[in-house]
Amino acid sequence: MNFICNFPFFSILLSLFSGTICSVLPAKAAKIVNRVVIIVIGLMSAVLLLYLLSTGESFIYWMGHFPAPWGNEIRAGVLEAGMALFFCIIMYLSMAGGAHKLPGEVVESKHNLYYILVNLLLSSLLALVYTNDMFTAYVFVEINTISACGLIMIRQVGRTIEAAVRYMIMSLLGSGLLLFGLCIMYDLTGHLLMSNIKESVGLIMANGEYQIPLIVSVALMCIGLCIKSALFPFHAWLPDAYGYSTVSSAAILSSLVSKGYIFLLIKIIYRVIGFDIFNSTRIIDVLFVFGLMGMIFGSLSAIKENDIRRMIAFSSVAQIGYIYMGFGMGTQAGMVASIFHILSHAATKSLLFIAAIGLTDVSGGSRKLNDLTGAAYRNKWAGAAFTVGSLSMVGIPLFSGFISKLLFAQAAVQVEGKMLASLIVLGISTVLNAVYFMKTVIRIYTSAADTPYMSITFRDRKPYTVTLVCFILLNIILGVSSQPVVDMIGQGLAMFA
Amino acid sequence: MTAFQIILMGLLIVCAVSVSFSKNLLNAILIYMSFSLVMSMLWICLESPDLAITEAAVGAGITSVLFFVTLKKIHAIDASEPDTKEEKENE
Amino acid sequence: MYFILLSIFFPILAGLFLLIHYRTPLSGEKKNAGRKSLLLLTGCSLVITAVFVVIALFCEGEGFILFYLTKDLPIYFRIDNVGRLFSALAVIVIPCAGFFSFEYMKHEEREGRYYGFYLLVFGVLNALCFSGNLITFYLFFELLTMSSMPLVLHSGSKEAVMAGLKYLFYSLCGAYAALFGIYFLYRNCDSLTFTVDGALRASAITEHGTFLLAVAFIMLLGFGVKAGMFPMHAWLPTAHPVAPAPASAVLSALIVKAGVLAVIRVLGMFGRDFLKGTWVQTAWLCLTLITVFMGSLLAYREPVLKKRLAYSTVSQLSYILFGLAVMDETAFVGSFLHILAHGFIKAALFLCAGAIIYKTGKTRVEEMRGIGKEMPVTMWCFTIASLGLIGIPPTGGFLSKWYLALGSLNSGIPVFDVLGPVILLVSALLTAGYLLPLSIHGFFPGAAYDYGSLQKREPCKLMTVPISILTTLSVLIGIFPHLIIAVIHMAAAGR
Amino acid sequence: MGPNLFTNYGEAVSAILFCIGFTNLLLQTNLIKKIIGLNIMDSAIYLFLAEKGYIAGRIAPIVVNGVTSTERYINPIPSGLVLTGIVVSVSVTALMLSLTIRLYTRYHTLDLDEISTQLKKEGK
Amino acid sequence: MSRKKTAEEYQKTFAFRFFRWLSGEKDPYSGEVEMQPQKEYQPDPEAALRREKEHDAIMDKVYDTEHNKWMHLFHRLYQATSILFCLFLIALLLVTVSYLPAIGTVTRPVNNEVSGRYIEKGLEETGAINIVAGMILDYRAFDTLGESHVLFVATITVLILLRLNKTEKDEAEVNDRRFEPKNDAILQLVATFLVPIIIIFGIYIILNGHLGPGGGFSGGAVIGAGLVLYLNAFGFKKTERFFTEKTYKWVCFFSLSFYCLAKSYSFYTGANQLHSVIPKGTPGAILSSGLILPLNIAVGLVVACTIYAFYAMFRKGGF
């Protein structure tokens, strides 16, 4: 076995272990450990991705001395490695972009706890990405939930705690449903490993014996993960949680945590149930409808919002709607579009959150849109970054958002029954996005008569600005040379099946 | 054995329902504690002694203690700020 | 071939440079020095770009692919005759209006931003003219909206911001409707490269014929938004008046024409034979005629000069769209001539209006009594341009309307072949009604006019020369149309 | 209705318990009761899972006298899963309770609706 | 006879509105802001205050729960739908259960080759008599590794939430004293007898984890319960002599690190098909079954400390 095959295992263990180590380190050392670990894992994932691209085959890694149905396993393919790499990049940038705000938002003595949470969150994300075992997935989903909750309420304002409670309640409902579905699935198939379940599911579908419980179990798992990833009617906790937690937390939560669950759902669809069987159930129609509703209602709520960060948070609801719409189309193309949208949304949303904090900083800390007038002149880079993010969200060509919309539309055109609905809603949502994002952009570029606030230049905040530039570049790269990424996603999905 | 199991399960449902409708929090917690105990007995019946031990130690023990200390803490908070307490009593 | 790229990216880069370098408002002592360098840079960029474009216009070639957006969607540039005519118009109007704004924008604070976006618009317009397939076109169409919006809301007042937002939303709605159609074209065509005789697969036409007609209609409506066609025209009279005058000139003369260009391209993609005689054509004709009449009527009632001109733009653009909707070669020639004529004329008119506002601060028509005595050169140009817009020989306007009417009569479409020219005629009368009084009262203020208060307020050369150039050109088109008509015929044949 | 509703009475009971817990978690406005609901829900799932391993007439999976034959012991997997699950639910309970304490010190109520009303009144 | 309408009347007519729309003055997005005289943006504190007051008034009105009928109605509706939803869920799950394979039988798919191998080869491959312990700590050790980190991350979040800084801590301590029984003699006497027994029992459970029912987690919980009892009887002063935050930190750190490293070794050797040097020992002896015993001890330590930490945190926000 090639040594590179150990990398997924190393990255999960490294991040878990670094979490433990950070608990005895002072804050500064913990920060360094955190950064180094993210970089190392990112590098490992990159190497792994190259290796997998060169071999063109996925591999299974035993977690222990026992093979498939007896021991735990993890599995790495192109999609997994790519996701891991991407998660690392976004996480590093988010942490770097929010680092300067941390002392003001979190009590000094709790900084190292913050890094523990981030490390554990990363490990759970990696485990969700790589796992090949349903129960492992459940355990790491819980780690993910708890550490996300910690990230929300580490900045202790009344709102964040309330949001954390709401988040926990919704997540626990979700995990309960997920676990219940999992138990039924286990009862029907007798396995917990994804590949073995898939075989049994195929047999069950062929025999026609336990079809009703099977579909119920799939539905329960889907609903559970939908609740956890804040699909439209279950999004009540989201605006407060994203709007009031620390900057890095907001960026990480919006771009990674919900995406981890969505990725798990993709894994379940492909590796556990089987894409065709999943599509033959009515569940995809439900996902489709909720996705569409989320796209519209999320944007409508965002329009009404007067607080810039809550506005961005509501826009997440809409974007998650896009992803589920892609699932709901029930085609390979829709899936590719959804996965691409996961990437583009992650890149854009964290950019927006981090740029927004730069803007509020130069407006006396106020997040009201009125007070942000002219903020882009006071902090030029943040203004530019916010503009780029907005343009990408609106779907202007050359930015990543356009490509994902293009992919969605291309996928929609191939599905006769859902074509018109998805295209029309896509259009409405684009225009609604434009309404609130461009409104904000114009607002921040309207010169205010005289403001008491100080300007911030590049020299004042070098790391922050560099982060913004990286994000902008990432966005443009995804927007201009999307083809390799799309190819990779297609290749990864092919490996999945 | 089956009859015993059915009785235990009936007890479980009774406990669960009465938790939902009990007005007093302390009662609710006590009922939940008994719920855990019944559950651990049930697990003995289901031939899972590991679970029974764990549930007895955790469900009936630790979790309940945590509930109690929370409740106590909450009363302490109320008492330490007399104004709010009076308001509560007036209601 | 590289000149195409240069003519696109040089102004864009120059504009970005200006935006970054002059990002803070100029004020105080630094203002003069900063302004000088700014104007120098802008002027040089405008001239250099114009040179590039002129060289690019004479290039021949197959076009080239810049990069691939996705696997089968290349960003592809090519020069054809339609693009040539448009960019010829742009290369004259933009520098003229640009030099005009050197004087006009003198007292503004954020000149750097204005010129930056101005250059961006120039580059994007060039790209629009030279783009070789629909997806490239769409890309720059969106960028055009984005880069011209700051020009509209330049003053930053609440009114301007609202107008800018309105412009943005109308454009985005339109662009999305168009994108909607592009998805279907992408599915039903072999490639999205522009043609003139239809790129649809024969099998697609037989299978989804009705559906494709609906798609065509939606695309026409969508791109029609930019061209101010009837149900979605409202942004135009809002956005044009609030922009600075040179920007309105560019908006009116060129940016709205991007919608026309788009319609021409879409027409080529679907093919005239596919659309001729269908309900799409009928509905389209109806809409254009309504717009022509309505625009003139509204302009007639409008007291504010710039707004009146904006309504006039609505009306005149639909002349062009009418000519395209007739789908007859003569009418096509008329449309094209009108694109050029209207471009020059409307730019001149807006610049005149700008000069008047700049010198006297008057915006309403009834205040402008005796203005001709104060600013004779400007008003003469205004009068000549007005005559052109009305369609008095020998100006370009006459020629284009003549061809339009001729084409319409020849086309043999029931009802519309006669109704069209009638409405064009009525609208021309209305045009005379809303433009000529200005000149008449301007030169003959009447007995009650107080000649004592009259003072010479002719603007400086930087303003009058561009206006005169544009006016002259509008007349020249009418006198020497042969070369242009030959090019138009080539364009119609797809060469 | 399928054939096995009454044979599977244990699973049926756990399904009902699950729903009771679920309802409590969803509907109770009192936070402590919500948390109890959560615990009931989790226990129900564990009961459901444990029922799966049970085989009538066999003993717990602890090797007696070195006899390792499948005929003798019940299925050990569900027990293992439940053990893991119980730890998770304890952790979550502790976390939720500490959140409750924090909320109570701030808002002096356990009622989630009232808390959100207060929050909105603050209007921040 | 036609009558000329006044301007006001005219504004109400359809024709007026139609012409407004036609001329593009009516804006679907913004109402009637068009063509107003230009105003510079100026921050106006008074207006802001006024807006805030209006906002407050509206909020008061909306959240006046007793008088807001719509709110009541909405609540009722919400509750009704939730109950319906839950009933639906119950029905759905019951139907599902009724289709599941019969309970207690050998033929259900759960009893397949996987559980068969655990039972048949478990003793040989892991050395643990308690098959469940062998399964969770050897066959499916990755889950258990995750599980212990769930506990760890939960402690971290509780720490974040409840740990207080110095001054708050003193205050909380005073507060805490007021509500705790002061040196209750009976309790102390009982505790002196009970605590050692409880702790020894806990240790027994941990050490016997691979031989009989129990294991690190339940044993740790028992020890933790003993510590809590001790704390309740003798107060923080006494416990702080041997158990402070530092102790907790290092115990947790070492146990979890050991856990991580040991399991990493075993995963690594397993995946790369290397020979593991850890001896299995004779089944049935205390020192047997490879890594399971040390892992149980590590888990037990972590759990005991965590339980105690939870309790101390809840009581006074620190150790």
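Each chain gets a letter, A, B, C, D and E, in the order it is written, and its residues are counted from 1.
Here is the rule we use: a residue touches a chain if its C-beta (ideal position, glycine included) is under 8 Å from a C-beta of that chain, and two chains touch if they have at least 3 such contacts.
No experiment lies behind these values; they were computed from the predicted model shown.
Novice: Please find the path from chain A to chain C through touching chains that uses the fewest steps, and give that number.
Specialist: 1
Novice: Just to be sure I understand the contacts, which chains border both chain E and chain B?
Specialist: D
Novice: Farthest from chain D in C-alpha centre terms, which chain would that be?
Specialist: Max centre-to-centre separation from chain D belongs to C.
Novice: For the interfaces A-D and B-D, which has the higher count of C-beta pairs in contact?
Specialist: Pair with the higher count of C-beta contacts: B-D.
Novice: Let me spell it out: compute each chain's centre from its C-alpha atoms, then which one is farthest from chain B's centre?
Specialist: The most remote chain is C.
Novice: At what distance in angstrom does the C-alpha mean of chain E lie from that of chain A?
Specialist: Distance between chain centres, rounded to whole Å: 21 Å.
Novice: With chain centres defined as C-alpha means, what is the inter-centre distance between chain B and chain C in Å?
Specialist: Computed from C-alpha means, the inter-chain centre distance equals 76 Å.
Novice: Averaged over CA atoms, how far is the centre of chain D from the centre of chain E? Could you give it in whole Å?
Specialist: Centres of chain D and chain E (C-alpha means) sit 13 Å apart.
Novice: Find the geometric centre of each of chain C and chain D from their Cα atoms only, then give the gap between the two centres in Å, rounded to an integer.
Specialist: Centres of chain C and chain D (C-alpha means) sit 68 Å apart.
Novice: In chain C, what residues contact two or more other chains?
Specialist: Where chain C meets two or more other chains at a single residue, that happens at 156, 165, 169.
Novice: Two-or-more-chain contact residues of chain B, please, as numbers and ranges.
Specialist: 49-50, 54, 58, 62, 66, 70, 73
Novice: Would you please write down the residue numbers of chain E that are in contact with two or more other chains?
Specialist: Residues 29, 40-41, 93, 95-96, 99-101, 108, 110-111, 114, 118, 130, 132, 140, 143, 147, 150, 153-154, 157, 161, 212-213, 215, 217, 310, 314 of chain E touch two or more partner chains.
Novice: For chain A, which residues count as touching chain D in their complex?
Specialist: Listed in rising order, the residues of chain A that touch chain D are 135, 139, 142, 146, 149, 153, 156, 158-159, 161-162, 164-166, 168-169, 172-173, 176, 179-180, 183, 186-187, 192, 212.
Novice: Where on chain E does chain D make contact in their complex?
Specialist: Its residues touching chain D are 52, 55-56, 59-60, 62-63, 65, 79, 82-83, 86, 89-90, 93-106, 108, 110-111, 114-116, 118-124, 129-132, 135-136, 140, 143-144, 147-148, 150-151, 153-155, 157-158, 161-162, 212-213, 215, 217, 283, 310, 313-314.
Novice: Residue numbers of chain E touching chain A in their complex, please.
Specialist: 29, 40-43, 48, 92-93, 95-96, 99-101, 108-114, 117-118, 125, 138-143, 145-147, 149-150, 152-154, 156-157, 159-161, 163, 165, 249-250, 252-253, 256-257, 260-261, 264, 266-273, 276
Novice: Which chain B residues qualify as touching chain D in the complex?
Specialist: Touch residues, chain B against chain D: 5-6, 9, 12-13, 16-17, 19-20, 25, 28-29, 32, 35-36, 39, 42-43, 46-51, 54-55, 58-59, 62-63, 66-67, 70-71, 73-74, 77-78, 81, 84, 88.
Novice: Within the complex, which stretch of chain E touches chain B?
Specialist: Residues 130, 132-133, 175-176, 178-179, 205, 212-215, 217-218, 221-222, 224-225, 228, 307, 310-311, 314-315.
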